[in-house]
């Protein structure tokens, strides 16, 4: 059996269906390069085998990570842009496991679990870049 | 007084405003049939009189359900597609009650509470179907 | 250095990037007036310096508010419409702090924290109004 298709064009952008084991960031970055996406807004949901959130520690200028496994991603919201010539995905998400208690935060990593993750990608028409802003210590999307 | 309109066409799809007592799945499924929607991405928010989440138990191949009443739906994300010739809504949501603690998961049912639920429906141009995949025990949207 | 741009037109609407200290409601309301937006669906995410949720108390007909500071907004969903000739933003959101436990509800206020909040605004082509409905004690978007 041939490998199932992961992405199709739809009016205004793309629909992506990722499958067990797929890395969401890798697939988004590949699509940005292959389809030459200047910028986009994304949203999605599905089942995560593993999801890593991070909360930024401004003191040490890095994210404190936390991993969760086998949780429903109840909502993912983000944008696709570029930084130093490379794809730069920025996304936040909420998730919940079998107790239905929701957790969430800035998304550092996401792999699809037993099921799928469906993403809707709305493409914008101008190339947008993220810039590191020294005074706030964060990357900001430059319009 | 005539019954308030529940749905209007907007560029790229539909805007739906459901009212107290309305069943969200029923209204989405009816719209799919009446407007002959091949596939769509949906998002929404509002006030739920009752909401049922389910977490899938792969052992017994069914959802463990949990009901919540009178909660704000803080975000609903999903897709509309078809399965065996019938509308197949797939959506996840997050919700919170008066303590603001968020719960979430795969959506099994949703009825509007005292207020409304507003849905934005972005229509795609190709008919998409969900297929049950035996090896993972789940329905997956086929592109 | 000139003030960074907060909003650009994109196909189907606008992309908005708000910065530390910006008031999200003020910027959305200003955009509605300046761009003469008849109605819109919005979604966003980012870092909140302060966010105020409210849960409606039907007895006293007002929101019980709760404030949170320095939290990631993991998802914001809403609509823009008009009420009595003035912009009327209706939005719900989910957020989480350093413990990743999610909170959420009806959004009463939101100021950007150390970082940014990115909003995608999908414009509709008909002017929509909210009306207060006496029997349910809530504003409802009239289609």
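Per-chain numbering from 1; labels A, B and C assigned in written order.
Here is the rule we use: a residue touches a chain if its C-beta (ideal position, glycine included) is under 8 Å from a C-beta of that chain, and two chains touch if they have at least 3 such contacts.
Just so it is clear, the structure is predicted and the values come from calculations on it, not from any experiment.
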Report task. Could you run down the chains that neighbour subunit A and subunit B together? Result -> C
Query raised in the report: Nearest 5 degrees, what's the C-alpha rotation angle taking subunit A to subunit C?
Result: 120
Report task. Would you kindly state whether over half or under half of the residue numbers at the subunit B/subunit C interface are used by both copies, giving same or different? Result -> different
Query raised in the report: Which whole number of Å gives the spacing of the CA centres of subunit B and subunit C?
Result: 22
**Report entry** Contacts with two or more other chains, residues of subunit C listed in rising order
**Finding:** 12, 43, 75-76, 94, 101-102, 104
Query - Touching residues (chain side subunit B, partner subunit C) in the complex - result: 4-8, 10-12, 15, 17, 19-20, 43-47, 72-76, 94-98, 100-102, 104, 114-116, 118, 120
Query raised in the report: Which part of subunit A faces subunit C closely enough to touch in the complex?
Result: 12, 39, 41, 43, 53, 55-56, 58, 64, 66, 75-79, 90-94, 101-106, 122-126, 128, 136-138, 140-143
